[in-house]
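Can you keep this structure in mind? I'll have questions shortly.
Letters A, B, C and D mark the chains in the order given here, with residues in each chain numbered from 1 onward.
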Amino acid sequence: MASDKLQIALYWGSACGGCDVAVLDTDAFILDVAAAADIRLWPIAVDGKYADIEAMEDGELDLAIYNGAVRNSENERIAKLLRAKSKLLVAFGSCAHLGGIPGLANLTSRDEILSTAYLHNPSLEKGSKTLPLPESGVNGTTLTIPSFYKRVYKLDDVVPVDYYVPGCPPAFDQVQAVLEAVVGGDLPAVGSVVGASDRALCDDCARVKSEKRIKHFYRPWQIMIDPDACLLEQGILCAGPVTRSGCGSRCPSSGIPCRGCYGPLDGVVDQGAKLLSAVTSVIDSTDPEEIDRIIDGLPDFAGFAYRFSMPSSLLQRSVGQ
Amino acid sequence: MSFEPKIVGFLCNWCSYTGADLAGTSRIHYAPNVRVIRVMCSARIDPTFVIKALADGADGVLVCGCHPGDCHYSEGNYKTMRRMPLLKRMLADLGIEDERVRLEWVSASEGKRFADIVDDMTERLRELGPSPVKMVLAGDAGER
Amino acid sequence: MPEPRTGVFICNCGTNIAKVVDCDAVAEAAMAMPGVVAARSYKYMCSNPGQEMIAQDIADHGLERVVVAACSPRMHEPTFRRAAETAGLNPYLVEMANIREQCSWVHDDSTAATEKAEDMVRAAVMRVARHEPLERLSVDMCPNTLVIGGGIAGLTAALELADAGKLVYLVERQPGLGGNVARVDLTAPYLDSARDMLTDRLTRVVEHRDIDVMVSSELTRLDGFVGNFKAAITVHHDGGSDEERQVDVGSVIVCTGYREFDASRATHLGYGKLPNVITSFEFERMLRLGRIETKEGRLPQYVSVIHCVGSRSEEFHGYCSRVCCMTALKYAHEVKSALPGSYVSDVYVDMHAFGKGCEDFYRRSAEVKTLFLMYGKGEHPVVRKADPSDDCGMLITVDELLSGETIELPADLIILMVGMEPREDAEAVTRLVNISQDKDGWFIESHPKLDPVATTTDGVYIAGACQSPKDIPDSVAQARAAAGRILGKISKGKLEIDAMFAEVDEDRCSGCRMCNEICPYTAIEFDAETRRSQVISALCKACGACVATCPSAAIKAKHFTDEQIFAEIAGVLG
Amino acid sequence: MSRKISIDPITRLEGHGKIEIFLDDDGAVEDCYFQIPELRGFERFVVGRPIEELPRLVTRICGVCPASHHMASAKAVDGCFGGEVAPLAVKLRRMYYNAHYIHSHIAHFYALAAPDFVLGPDADPAIRNVLGVVAKVGLEIGGAVIGSRSKAQEIQRIIGGRSTQDIWCIPGGVAKGLKPEELEQIRPMVADLLEFTQFSLQLFRDVVLANPTYLDIIVNGPYTLDVQNMGLVDENNAPDFYDGQVRVVDFEGKELYRYDAKDYADYVAEHVEPWTYLKFPYLKQRGWKGFKEGIDSSLYCATPLARLNVAERMATPKAQEAYEEMFATIGGHPSRLLLAQHWARLVEMVQNAETLQLYCDDPEITGDAYRVIPQHVTGEGFGIVEAMRGTLTHHYTCDANAICTSANLIVGTTNNNAPIQMVTKKVAQTLIQPGREPDQGILNMIEMAFRAFDPCYSCATHSMPGQMPLRVRVHRGDEVTHEFRRGC
């Protein structure tokens, strides 16, 4: 398609659609984008022909925005195709960036997932033993559905990625900033995280911070939360200190601790381990038994610390057999 | 040939590393399975180091610091005392067996103790077998 | 970015390393490691030729990094850093692999040890590649010195420094100076008076314009670092009033001495039950009073000296207290001269007479007709009250080793040669001045042979029996040595300290304040204006606690960065 | 020997789907399969998490209707703590949910459905999208659409801190209340939205009803199905989106069941087929009878139209008017005309906007009693809400430490899985005739069949993540005679 306009494709892998909604949330701006660019593919809102993409020259697209994680061969295939056809590939949102919440599946196994969904649940047809099969014979032909991977991968596990836009979903004002940067060709070094700050959430969080000494950890429902004081200082586990700011600190300002969707800061290789190091260091005790009691207040720490980043953590998944 | 575990040991400079040196000057022999990494204080040991060692293929990780109250930096080992229990709980949730990560206090005069700890840990890991990390990640790479 | 050009130097340490580790194999393996352009195995890397070899290779191969696989860095790191520096390489671009203390000396399986050595070298190579050149800091050296303890060692050190015109603060917990020596009458082997020795020192110390003596005083806090300590001292005045003093010092000498073993713990000797069983110190007191007598006021006919009470025993202390043997002989002489008709027996395990003039003294004691009875290590004489029929107050049963017989020995006065042990407050002292104790509780020197005066804390020295049992000459020698070391530093005026402090990257600090409470030295300051934390480098002791804590990776530990340690981890794991 | 057509992937719906159509040798549709190729495992990997975190996890099942999952989950979690919720919190949650409904219905109607009507089913795919719609109806209206959806989102942001990926509900209430100044920000937006719902109804009359072709498709097209209806109702049998009882009526209007959330498993069961990851819910007491229509069918729809079929009236006056107008126009209540979904959606929008306004005028709404602290863990909870795309059920259990031990989800679109199968086949049979080869336009009309359900396959595939393309292959024997592709 001969056009001097910017050639853009938006695609979702293993996604919930929230990232696309974040793009829609740029409201009128989406019209400016449409004016400045040809949207060649956007399954949620535009009828694009997959054949068109395949038919493209390598690098014919200026920008491909991929949201969602990589869970099955289809996701990987499209990721590789877009990589080949596009000058820039952007990992958009927590799932593409870090693995996201679906990445928590890496704490369990494929078999457990299947048996929970199809063999053991209270509303299942009595005595049902059927499992979906990658191939099943119907009418003398075979119906196929993709078999999904043993675990969840983030986008740059399968293709090189030029930029990362963090967030679950990315804050719409950040999305706009990023799109503007692309349109204006005003981009930082390849590999950078864009649409976010280089400082932790605490930098933006309006809550008052002081020295930290924690004697007690509480779960959010256990106490009335002071609207002005640092959540961590109240004993509410908060991932703000290990999380890139850029979301506008929406969760803490609504009384809900940060769970880390914007991912770790540059130089931090494992968001969960860093959170662990930081919060335990300020436990106010030198007595092993008391320390044990205090950390009893932090159940399922792995599930919290790697809420959005399990597939991008050092261990990537539970290695339990 | 039986399985020989590789243990990464993080030792504080003032007590544990000196203790390990003392084992040497006293010619106290112990299993050659440990690889020591020196830090100034056990408080420098970011749990990330422990996980990195496991991810890079260590079968076990030994963390040693001064005895509580004896820290060269007066309070450093208390940070370690606080970090390790939660780290072990988290690693358990990630499928890492308890014996693979161990925290011990070793003073500058406890060369023998250091040797005994290394021998004991090596023996336990021999029984436990290789770390699942390498195998599982390799398996994933083989077939996604 | 290409790996920096690295040279690897593997020391055989004579055969210390080479007999277990195949050094040539390690050198060969090193050549395959990232960035390595030269790898050598050599007999003694720390020798001059060894150091010159390193310097030469730096020049010839244009080395940007140096790895020395040898002994513990705690031993020779300064040596090799200097060697590199002479060749124009920043000393911090040197890394050591400890393949002696932590490899060849602790393993016998050559294959396994060699493999381990290779891993250690690889770790060092990968680590040093990520080192950054650092500049040492030059700080002022405060010329004042704090001497803790007014015994013979403390007095000597204080005078040595003060006579050189340097101000000394001398802190003594007791109301009076002199320490244990003040409790002694004559000294072995020359039998000259301890009191004479002390008196002239004491008067000079008390009158010296450059010595500020504080008795009934104790150190309560020591902050800062070498050349720039701040000491807080509490002075207890008569009448219970306390005075708090703050003094600036550049160095500290710990001369806190020892205490004697509590003889009542050796129950078989009857001390505390039988009135005429006394300790050596109680006997010294008798000697100073000039009358040797039993509790009943009678002159003893049979005087017996029992050695190694609390020393060289499984039960109490394994070590030798070093002064008892000669002191015991001294008693033989003193008893004989005071009570010519008395019988003196000496019940011992081994006679340690290694000091200057001591062997002669031993011989002379034999001449004064002392009865020497030897018992076996691990066994012990048993003391009991004699029967009325006996012509003595007590009986000592000894399994005599030389004769092989069990001997019953009469005694009216028994002197127990109580050994030395660390003072009850020794542990508190180590916490105050930040040094450590060995398994017996004595203070640990920075190196048992090459640096017996310094400690692991720069600027803090030890002298006298607080380090290990010592006689007067050794204590005095060590005290003068410490003073000498300090005078040397003072004369330079400035001193260089390691540049290994932590640093906050303010562009990354989010002001979360996680680190604020972490630092034991309150070296981290939160600026409420900028909402950023910062490290006061002068106060930072580079433990790295805040670095591991910082959730933003905004704090960097110079020379112990995450990158360096990650590289090391990858390295040891091949 | 049959030949096979597949439409792969379906575009303009949230999630992914794939249709396989089998033609006999004459080229008539023999069979038709709607396949969902993915599973995400939420039901498994929420196990082990602190139960209070589930409302912040399950929102990632679907980022298009996260608030539905957030609310159903919040209610199920409340149940795990004994069920006590601050009354003010219930009002605030309902208010929030009304705003979410409006946002979602606007997005669906204008971005997903309108292209078919405003531009026509056979318009060039390249322009048959929301941008094309805006181009046709004009930037001004386009701006109004975008602006209104944006206001609906902003209202959620003001009340609950975030719009997409909601965070706000905690056991016993909500994490923040509504400040008076925030209420004043909201008021004008609510007024605008109410006006916009009226505007949308008018647009529907002008563009759709005024166009005989479209009306004909709606009323006389193949888009009908003889299955039963399901939806939540209040005590007056008016639609309730946040709470109430589930009511099931057959397509002739006879009430079959009326039950509470905790009893869902006595009334609904799920059938599994090996060729799709998406399960097929059915009325349990009637048993699984296959993909069969009829008054005794065990299958049901849970859609906007189904909700209005289940309801005997609307809860608010303007909505009631719209409700009456709609059923009068399409031939009575209840209705089986699936394309009336889009209209029903507009009617629901009106009730949500009106309710929202009522809460704005509630003097207690800015109070601070928006939380109660749970006193004990009771271990099991059920939460049912009406998601835009159908009745949404969450059922959790947890241990004494309030750690999740099991989760079962029956998601809006899943309810409609069987009906979508059937209507797709029905439409295909009508449109693909012997000797008449399928083309893009016809494929789109097949898609219109299920797009009417506004199916959300990110939701429906909550048990499995990822995407799956829509492809059409026409086989004769082993030979592929046609190939069409859609999106990817």
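Methods note: contacts are C-beta pairs under 8 Å (C-beta built on N, C-alpha and C of every residue); 3 or more make two chains touch, one makes a residue touch a chain.
Predicted model only: the values in this text are computed from it and were never measured.
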Exercise. Work out which chains are contact partners of both subunit C and subunit D.
Key: A
Quiz item: In this assembly, which chains make contact with subunit A and also with subunit D?
Solution: none
Self-check item: A-B or B-C, whichever has more C-beta pairs in contact
Solution: B-C
Quiz prompt | Chain centre separation (subunit A, subunit B; CA means) in Å | solution = 33
Quiz item: Distance from the CA centroid of subunit B to that of subunit C, rounded to the nearest Å?
Solution: 29
Quiz item: If you average the CA atoms of subunit A and of subunit C, how many Å lie between those two points?
Solution: 56
Quiz prompt | Chain centre separation (subunit B, subunit D; CA means) in Å | solution = 54
Quiz item: Residue numbers in subunit D touching 2 or more other chains?
Solution: 48
Quiz item: Do you know which subunit B residues sit against two or more other chains?
Solution: 43, 46-48, 52, 79, 83, 93
Quiz item: Which residues of subunit C are in contact with two or more other chains?
Solution: 518, 545, 548-549, 562, 566
Exercise. Considering only which chains touch which, label the overall pattern as line, ring, star, complete or other.
Key: other
Quiz item: Among all the chains shown, which pairs meet the touch rule set out at the top?
Solution: A-B, A-C, A-D, B-C
Self-check item: Residues on subunit B engaged by subunit C in the complex (per definition of touch)
Solution: 4, 6, 8, 13-15, 17-18, 20-21, 23-25, 27-30, 32, 35-41, 43-49, 52-53, 56-58, 69-70, 72-76, 79, 83, 107-110, 115
Exercise. Could you pull out which subunit A residues touch subunit C in their complex?
Key: 198-203, 209-213, 240-242, 245, 265-269, 274-275, 277-278, 281-282
Self-check item: Touching residues (chain side subunit A, partner subunit D) in the complex
Solution: 11-22, 24-25, 27-28, 30-31, 34, 39, 41, 43-51, 53, 68-69, 71-72, 74-75, 78, 100-102, 104-105, 107-108, 112-114, 116-118, 121-126, 128, 130-133, 136, 138-141, 143, 145-146, 148, 152, 168-169, 219-225, 227, 250-251, 253-256, 259, 261, 299-300, 303-304
Practice problem: State the interface residues of subunit C toward subunit A in the complex, per the touch definition above. | Solution: 507-514, 516-518, 531, 545, 548-554, 562, 566
Quiz prompt | For the subunit B and subunit A complex, residues of the former touching the latter | solution = 43, 46-48, 50-52, 54-55, 68, 78-79, 81-83, 85-87, 89-90, 93-96, 131-133, 136-137, 139-140, 143-144
